[in-house]
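Here chain A shows up in two complexes: once beside chain B, once beside chain C.
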Partner chain A sequence: MNSRRRVAKAWEMVWVHALVWLLVLFAVFPVLQVIGISLRPGDKLYSTKLELVPPHATLAAYRIMLTEKPFFHWLGNSLLVSLATALIGVALASLGGFALSRGRFRGRGGVLQGILMTQMFPATMLLLPLYLLMRKLHLVDTLGGVVIAYVATALPFCIWTMKGYYDTIPAALNEAALIDGCTPLSAFMRVTLPLSAPALVITALFSFMTGWSEFMVARVLLASQDLMTLPLGLESLFTTYQTEWANYAAGSLLVCIPVVALFLALNKFLISGLTLGSVKG
Partner chain B sequence: MNGRRGLVLWFLLPSLLVLAGVVAYPFVFNLWISLTNWNMFHFQHPQFQGLGHFAKIARMIGEPFARPLSQWPAAFAGNEFYRIFGKTFAWTAVNLVFHFTLGLGAALLLNRKLPARGLYRALLILPWAMPQYISALTWRGMFNTEYGVINQLLAKVGAAPIPWFSSEFWAFMAPTITNIWLGFPFIMVIALGGLQSIPQELYEAARIDGAGPVRRFFHITLPMLKPVLLPALVLGTIWTFNNLNVIWLVTDQGLPADKTHILVTYVYKAAFFYYRYGYAAAFSVFIFLVLMFIVRGYDRVAKQEVY
Partner chain C sequence: MAKVILDKVSKTYPGGVIAVHPVDLQIPHGEFAVLVGPSGCGKSTTLRMIAGLEEITSGTVSIGDRVVNEVEPRDRNIAMVFQNYALYPHMDVRENLAFGLKMRKMPKAEIAAKVDEAARILGIESLLARKPRALSGGQRQRVALGRAIVRDPDVFLFDEPLSNLDAKMRVQMRAEIARLHHSLGATMIYVTHDQTEAMTLGQRIVVMKDGVVQQVAAPMELYERPANRFVAGFIGSPAMNFLSGRLERADGLRFVTGQGEAVAMPAAFAPAAAVVGPPLVLGIRPEHLELAPSGAKADLTALVQVVEALGSETMVHLGVAGGTFVVRCAGQATAAIDQSLGVNLRAEGIRLFQDDDRGLALPLA
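Coming up: the complex of A and B.
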């Protein structure tokens, strides 16, 4: 009996691992592809070989990206835009989410619905009016204009996340601080906010990602070479005559590394902080 | 008390201002555009023309119904609007089914005691962490009929190459596979968070009562996950329905010959390639209404406030 159970247990481990590995393979395969392409020598870009590390592998594409292209300039712009988006996004969403979680005011349901509705309209159609508005405000071709647009893009999801997380924190904690003589603002800052660290991390991560990966808005609002962000810079490698595939792949990986590192570092928070709704145990 | 209530509203104000400026104002502006004849020929001075574009859309929708019943199947199949409409629903449904089965499956597997669980979890998050345009272009390269790795792998096992971008069916499958890859980690992460907050006692009690793994899943896991999965389903539906990037980039603007469009890519092409701004604006209002209707439907079915 005991040995039969052990055999069953072993079999279970085998198929669990098989399934996990299958999923991991699916997830990782395209990433390996990009790595492979980035290592190809310039004249062998259309190879029909399947090796992961191509013959005559070279790091030339990385050298070109880092030394001959204005990569660090793009990186600087992207960092500036993404960090500003994250900072403003966290500030606005943490406050707004709190109001929607704790406030009992007329129109609260309407605001929550309205925030969801912002996602339902095809975003690209908002680009043209947004461009005209930004032009009036002299924000076209400025990084500030892009930041404002990104904050608005990330905000609905971030407010939802924050609101969902606040809902899981007992309101009594905040009330106790108020009774102890805290002002509402300091009760929020000292009691509720520190308890919401996981959700704050998620909000920061999402806002940052929005700024880091967005392409369409940047393309419409930014015209100067000087202000190009990383996605625009990578796109500039697709020229009419030829596409610098190896450089593009190397650049892509360089763009991915910081966000992937961020995701992995914040992995733990990702699971505890993403409460779109709460399980009541 | 009144003061506190007021303060809470102040908390909300900055967010509302940003959303009003960047979303609500363009939305209203867009409504106005939809009532004008703004297109290539009236680019500088668009004129108000009323509900003309909406009437045109209504005619497109009504066209097959005007035919005799026996001709309906052919009429619906031949109608461009219904082809795109149907494809949008197929696209959304197939993606969501796979996002949820793969995402939930991965979460259930990773919720077990598994060596190197952290490593697997990190690797499975990769598709989410990569910027979307990079992933989409990478997949497009992998689907390349001649040099793409997928057809080469098929050749290795002796299978015929797949005409990814010349057949309507495969040109639909290519972005679908890409988007399934992109989207399942989000559901996995959400489900993992939900699974960890289900009290273990429930499972123990069920086990004592003799419930097998399948019953435990359908009677404990799924109902307990409902509050987290339902909002994810709503958001997923909206995001997938309106996903422009993946279809646009993977099929290179709708290959073959504009056959691979869903509603949003169709609108995008109408606006930014054919400069039919008025028409595209009206069409995007229609998309908005369809999504409102779907989300209302979820609300009804789930009997739970989604937002």
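Coming up: the complex of A and C.
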């Protein structure tokens, strides 16, 4: 009986692992393909072969992207927009989330639900009103306009994340700080905020990602070549007569590198940040 | 002189829920006052209003000679010890102790000296470099106490500081707090739901229920002369025994219960004549009941339900006239379950209360 159960358990493990590997393959396959394409020499761009390392593999596409295209200019724009979005997003979400977690004011529930409701609308639906609004504010074709749009998009999720995290920090800590000589703001800065590092990291990362990989809003709001962010820059590789597939693939991979590095660096915070509120500490 | 005066202080929450009805209370400098009552009685809210953590709906709170209603908590020169310790988790013990002094911009050398002194008083010198998560419950509460004493405040506020500790540690910390009060001589206001803590620590106890102060008195006065039935039942462990009925005068004074059972009153019991007739509640503490020797005449007879031998004393639970009485017997009682026993009431222990919502105590003869 015991050994039969052990065999059944072993089979279960085999099945589970097989399924996981299959899913991983599905997830990773497109990335591997992009790597393969980025390594193809110029005369093999339209090949339908699926090898990871094509015959006569070359890093020429990477060289072209880094030296002949204004890749670093796009990168600079993207960094500027994403960092500004992350910074403003974290600043607003950390304060807004705190007010909604600790404050007991009229209309608090309505505000919380209203913030959640904004997540129900697809971004495409908001494009036209967003464009009209930005035009009225003279923010079309400025990086500032894009940052405002990204912050507005990221803020609801960030506020809820921060609020959820503050809810798990005992209010007595803040009160102890008030009695110990803090003003409400200094109690927040010295006690609550340092304890919220996991939530701050995930909020910052989410805001950063919103700006980093976003295409549609940037496409609508930005027209000048000078202001192109990375996704727009990559899109410019598509032309009417020719698409530089190897360059495009190399560029896509280069765009991913900072984000992957960021995820790896903040791995520890991310896992604790994503499970926020699931266990009361 | 840091006396604390509450003048008709009340708290009503938005939505009209009254947490604290107007409270009048004067706590002189150096007194250890305890606010005690069941959950939701308004004791913590009252303390938080004194601390400035809760807005006052009406009335005034004064600390020393100044009204502090509009004064921020940081400017009231108070220190508070919380139930969940409220130590800053990202700071080590030394930083926790020093935080309040740092916020008051005290010179570094002076902070270090004060922290060391507080650590010495509480015996936590070896813990100064540790983070709160590396401390046991008792050690954390000791650090929380240290954070309070290092500030040298006018008033110490304690919000159920021992509730998260195990029974043994609670007794130890209780003694520590009492010792601290004795050595510092500071005004202390202590909130607890545990009447034993209230009785052992308080010089004066404020009993609260449903946001209303029921009685303010010294521990033994509360115990011996409770103002109403609630106080009588809340203070003392095991609780006072109660029996509903009325006094009748027939062949001596007797208390007739609702079920028609009569309990003969001891000859020495002589309440005012006016109490004969109306519905009353008779209260008597477990130590004022005595088991009668078998065969002897007794005030009432009862059936033994439970016998709890505690070593130095025995609690005998008896089924009496539709209710339950607990009798505290010195040493080991020989009662057995289902045994029928005679019980005598000691006259000086009998208290009478009105049988209504307020349950006011009738004046003793």
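The rule we apply is simple: the second predicted complex is superposed on the first by the 249 of 281 C-alpha atoms of A that agree within 3 Å, B and C clash if a C-alpha of one lies under 4 Å from a C-alpha of the other, contacts with A are read in each partner's own complex, and residues count from 1 in each chain.
Just so we're on the same page, contacts are C-beta pairs under 8 Å (C-beta built on N, C-alpha and C of every residue); 3 or more make two chains touch, one makes a residue touch a chain.
Bear in mind that the values here come from a model prediction, so they are computed numbers and not experimental data.
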Joint occupancy of chain A by chain B and chain C, clash or fit: fit
Contacts of A:257 with chain B and chain C, given as first, second, both or neither: neither
Touched partner set for A:172, first chain B, second chain C, both or neither: second
First (chain B), second (chain C), both or neither touched by A:14: neither
Partner chain(s) touched by A:181 [first = chain B, second = chain C, both, neither]: second
Partner, of chain C and chain B, that touches more residues belonging to chain A: B
Touched partner set for A:22, first chain B, second chain C, both or neither: neither
Angle at the Cα centre of chain A, taken between the Cα centres of chain B and chain C once the superposition is applied, in steps of 10 degrees: 90
CA minimum distance (chain B, chain C), superposed complexes, angstrom: 5
Footprint overlap on chain A, where chain B in one structure and chain C in the other make contact: 104
Complex contacts: residues of chain B adjacent to chain A: 4-5, 7-9, 11-12, 14-16, 18-19, 21-23, 25-27, 29-30, 33, 102, 105-106, 109-110, 112, 114, 118, 120-135, 137-139, 141-142, 146-147, 149, 152-153, 156, 181, 185, 189-190, 192-194, 196-199, 224-225, 227-228, 230-232, 234-235, 238-239, 242, 244, 263-264, 267-268, 271-272, 277, 280-281, 284, 287-288, 291-292, 295, 306-307
Chain C contact footprint on chain A (complex, rising order): 104, 106, 170, 172-173, 175-183, 186, 191, 194-195
List of chain A residues in touch with chain B within their complex: 16-17, 19-20, 23-24, 26-28, 30-31, 33-34, 37, 46-48, 50, 91-93, 95-96, 98-100, 102-105, 109, 111-130, 132-133, 148-149, 151-153, 155-157, 159-160, 164, 184-185, 188, 209, 212-213, 215, 231, 234, 245, 248, 252, 255-256, 259-260, 262-264, 267, 270-281
Complex contacts: residues of chain C adjacent to chain A: 14, 51-53, 72-74, 76, 78-80, 82-84, 86, 88-90, 99-100, 103-104, 147, 151
